[in-house]
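Contents: one structure, followed by commentary.
By written order: A, B, C, D and E. Residues from 1 in each chain.
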Amino acid sequence: MSREQKPKADYFKSIMAITRKDLSAELRSRELLSAMLVFSLLVILIYYFTLELDIKNRNAITAGALWVTFSFAGTLGLNRSMAIEKDRGCLDGLLLAPVDRSVIFFGKALSNLAFMFIVEAIVIPVYAIMYNVNLLIPGFLGVTILGSVGYISVGTLISAMSVQTRTRDVLLPILLFPLVIPILVAAVKASNGYLLNLQWSEISPWINVLLVYNVIFLAVSFMVFDQVVEE
Amino acid sequence: MIEVKSLIKRFGLKNVLAGVNFSAIPGEFVVLLGPNGAGKTTFLRILASLSRPTLGSVLVAGFKLPSEAAEVRMRLGVVSHNPLLYGDLTAEENLDFFGRLYNIHGRDSRIHEVLGLVGLSARRRDLVRTFSRGMQQRLSIARSVLHDPDVILFDEPYTGLDQDASEMLDGVLKSVAAAGRTVVMTSHDLARAEDLGTRFDVLNNGKIENSIKKQDMGTENLLAYYKRVLAG
Amino acid sequence: MSPQPKVLKALNIISLVLLIGGYYLSLFYAPTEKVMGNVQRVFYFHVATAWVGMLGFLLAALFAVIYLAKKDLKWDAYGLAAVEISLVFFFITIVLGSIWARPAWGTWWTWEPRLTTAAILELIYLAYLMLRQGIEDPEQRARFGAVYTILGGLSIPLTLVSIRMFRTIHPVVIGSGGSEKMGMTDSMVFVMLYCIVAFSIIFANMYWHRLRLGQLAEQVEQAKMKLEL
Amino acid sequence: MSREQKPKADYFKSIMAITRKDLSAELRSRELLSAMLVFSLLVILIYYFTLELDIKNRNAITAGALWVTFSFAGTLGLNRSMAIEKDRGCLDGLLLAPVDRSVIFFGKALSNLAFMFIVEAIVIPVYAIMYNVNLLIPGFLGVTILGSVGYISVGTLISAMSVQTRTRDVLLPILLFPLVIPILVAAVKASNGYLLNLQWSEISPWINVLLVYNVIFLAVSFMVFDQVVEE
Amino acid sequence: MIEVKSLIKRFGLKNVLAGVNFSAIPGEFVVLLGPNGAGKTTFLRILASLSRPTLGSVLVAGFKLPSEAAEVRMRLGVVSHNPLLYGDLTAEENLDFFGRLYNIHGRDSRIHEVLGLVGLSARRRDLVRTFSRGMQQRLSIARSVLHDPDVILFDEPYTGLDQDASEMLDGVLKSVAAAGRTVVMTSHDLARAEDLGTRFDVLNNGKIENSIKKQDMGTENLLAYYKRVLAG
């Protein structure tokens, strides 16, 4: 029996199996998405309630407010998505499967990204209507996508770590936020550039920062992921 | 086939496993006995590639751990203290998901088959989180044999099973062992262990303190043997 | 536990002497800066502690890579020691900066990229300690810690370039044309370099002690274990 | 055996036993407090980074920023404190004990309040230094205490509910924030009154709101608590 | 003393318990048998006041549920599928905490006593979360008998226990029953059940389908009896 080869599952098919499992579980309960959405709206409301900014200031902070909202909602999503894996020991189940660890990373990252995009796709128009700003700017949307990819790639890695600690519910934002602040700042700056119709030369450095961080974070996360899921 | 040499596993400064030597050949059914906290679960988790050995060499199904883990995993069926199932998916969806990862051919019919085996066909469309303890354990067993593994590692698989399910599991284990698979199981139920096992190893104080084949036991029953070993 | 090796004992004395020398040079030897006056003397320690602070964080990232490759817990202990000491030094940087900022900018703290990124850097390594605290298994703790210090190490360059990316009141010294910054005389440069070297040696000294402390703690644990058994 | 009376544990002693258990577990690990603290600092930092408010605006939002920070950190604390009860079925263990449900409520509320106060006692001075505002105003501190009591009393109730749902990590803020917005707004307004040195007549309505909400929330939470912990 | 009349418990639209009648007197040791998912855990949770009946009347230790729950709880010892312990406290601190809530006199000496009983004296200063499954189960048993309860509800208490611990639990249960307490236990281990119980009730299809006293069993063993009942 021993050393003869058995056919392995296809790399991409396995990734899709994981993503599909997450999406279909979510489709049934819709609890994660609805939680992220309601939470996003609450953050926006609380922002305005406690800050009481005047109109002029409001426009200047659109990108900031949106990104704070996305990152808090994102943590919620990341936490939950990994907690599902940990609850009945499912993560062990995944780890027992004969797939590369990077398959697990990409599978989870993809479904996390999908949740993030769905939330953004709803929050951005709602925000645009509520505060009467035009957000349908291709550049702005592109930056949002770029920023989300970077955020989710570190986020998936960190949430896989934090969920295995005793203080899992509290540790994720603490570990994640300081690391992604460069991404958040660059995304906010670049978005503001598009919203305020600045020159490309003023926007491009931030886009570069975003691209560099995306590449670095994705590469590092992908490379070290097996270190954080194995005992 | 399993071969473990001078395996050490340390938690902090505590040597939970302090030099375990162990081997099992195809067709052998090893029951791992030992008091609470002896390190049985720890040992099985290492064999299952879920935990890394601190020191020592481990060979499972002919492949080295941890370096050739992926090959090992393909040939491994595991039941652990946790069900390893998604509460938000139905029984069927859980098996379908794992079936994909294991790249099983004729997935649907195989799932149908194992669900029947563990007696959950009628509940296959129910969410796992509404299952009782014993039902989760049944599904967990179905999951572990789905891909017809060569090596079976079962950590107290009888937990929570009722009479029917226990008899089903007896049957599964016997047929698997007869088919030349390697089985390692822990259990505190000596009567059952005696009935199933072909070999009995006692893990205590971080070592395999004794190992005996069933045909060498003579008239002594397993309980007496186990107590004698523990008494030193 | 073996007694302190001779080199370490010598290093203790050298560190002390260097520290006293640093005090002397910065407080008495260096000329008083024209615009800011005596507070500017904080500058020498401010820069030197910032340097060793970041040095430790970088070392930790390096050890993390080695740990992940070799899986020897020794490297984890090295990394942890570097982070702990650097956290203290970096905290001193922030405090000294604050003390300086009070007269220079008229406030203890202002929201400005260099200061903010410095604060974030400190928080990253506090988070690192919290991560370690939440994990029992030393091996897992080491792995997670290593992964996190590598990610943290990526943030250090950003802190460095932050002052170049934003318009800011925190001055840029190294590599800038030198037009706006305070006029550094040669003796000022000498004291600065002296402090950087001195603090590097003090860092090495403390680092050694911290490693020995770690080994001692481990021995105590082992002794306790033996007693229990 | 049956109907003869057994001596019950003293009401206040039982409350203290629960509070003490929480505090001593926390004293050992200090994980909850450090998490709340680091998180608070992060929220303040992110605020700065994404909003980049100018000095004038900053002063006006001190109270707002602090209360947003407290409420986010508070959710973290509440969540964790109840998750501890749920993890190994401990909540069942507490419910099996022959104490009134209100004992459990007060015990948990007291330890949550203690955590909240400790966090506030550290965050307020740090904020005062970082933003260069004087916060050592008795009225301001009094309002903080009042607001915290209200927040924690509903928070304890809601966290007991949310922790029993499947989506426990995400549900708490969603259920809690809309309920406590009156408290937050009143606390922000009253604090601002003290910070800007307004007349008592301008502050007192908000203090009244706070007092009324505190009394109502405490009374209601205390009364319905047994409904949410029992199956 | 326990008395349950036409108890119904519904989850959603499913009647898990569909009119259970049950009673047990002091000194009686009832073993509750039934297949996986029969509703044994659900039934015990209702007796333990952890779950409310949908319909029906429940009397435990002479007090009504749910109205006089506090009085019931004082007299109740429960072991459930979960250990009901705080992972961040040591074994001793866990017992001390519950000791306070139960207002136990001579708490320290009583804690010392029960820790000795379950064989955890040596590990009393260790955090519960580092315990193995069997060790947690032992502590869980210690916790449940700390206040010397009149009524004992044990849901599969032998789960994960090794030989020593099982014998210890046998002893505890026998002495408790001899002291005139009421015991209700579920178990899938019929040999053990037969040895301990004075009465055997089979829960199936949401009802107690049969109940038999040990002295009335004659020569039929419990396994045969149980199978006969399930077969209808």
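Heads up, the rule we're going with is that a contact is a pair of C-beta atoms (placed from the backbone, for glycine too) under 8 Å apart; a residue touches a chain by one contact, two chains touch by 3 or more.
None of these values were measured; they are calculated from a predicted model.
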D-E compared against C-D, more contacting pairs: D-E
Most distant chain from chain C by Cα centroid: E
Distance between chain centroids, defined by C-alpha means - chain B, chain C (Å): 50
Interchain centroid distance [CA atoms averaged], chain A/chain D, Å: 28
Separation of chain C from chain E, taking each centre as the mean of its C-alpha atoms, in whole Å: 58
Touching two or more other chains - residue numbers and ranges from chain D: 29, 31, 35, 38, 42, 45, 49, 52, 166
Shared interface positions of chain E, touching two or more other chains: 81, 87-88, 129-130
Junction residues of chain C, two or more chains touched: 120, 123, 127, 130, 134, 136-137, 139
Chain C residues within the chain A interface of the complex: 68, 120-121, 123-124, 127, 130-131, 134-137, 139-140, 143-144, 146-148, 150-152, 154-155, 158, 165
Of chain D, residues touching chain C in the complex: 29-31, 34-35, 38, 41-42, 45, 48-49, 52, 129-132
Chain B contact footprint on chain C (complex, rising order): 136-139, 218, 221-222, 225
Contacting residues of chain C [partner chain D, same complex]: 98, 107-111, 116, 119-120, 123, 126-127, 130, 133-134
Complex contacts: residues of chain D adjacent to chain E: 1-3, 6-10, 13-14, 17-18, 21, 24-25, 28-29, 84, 87-90, 92-100, 230-231
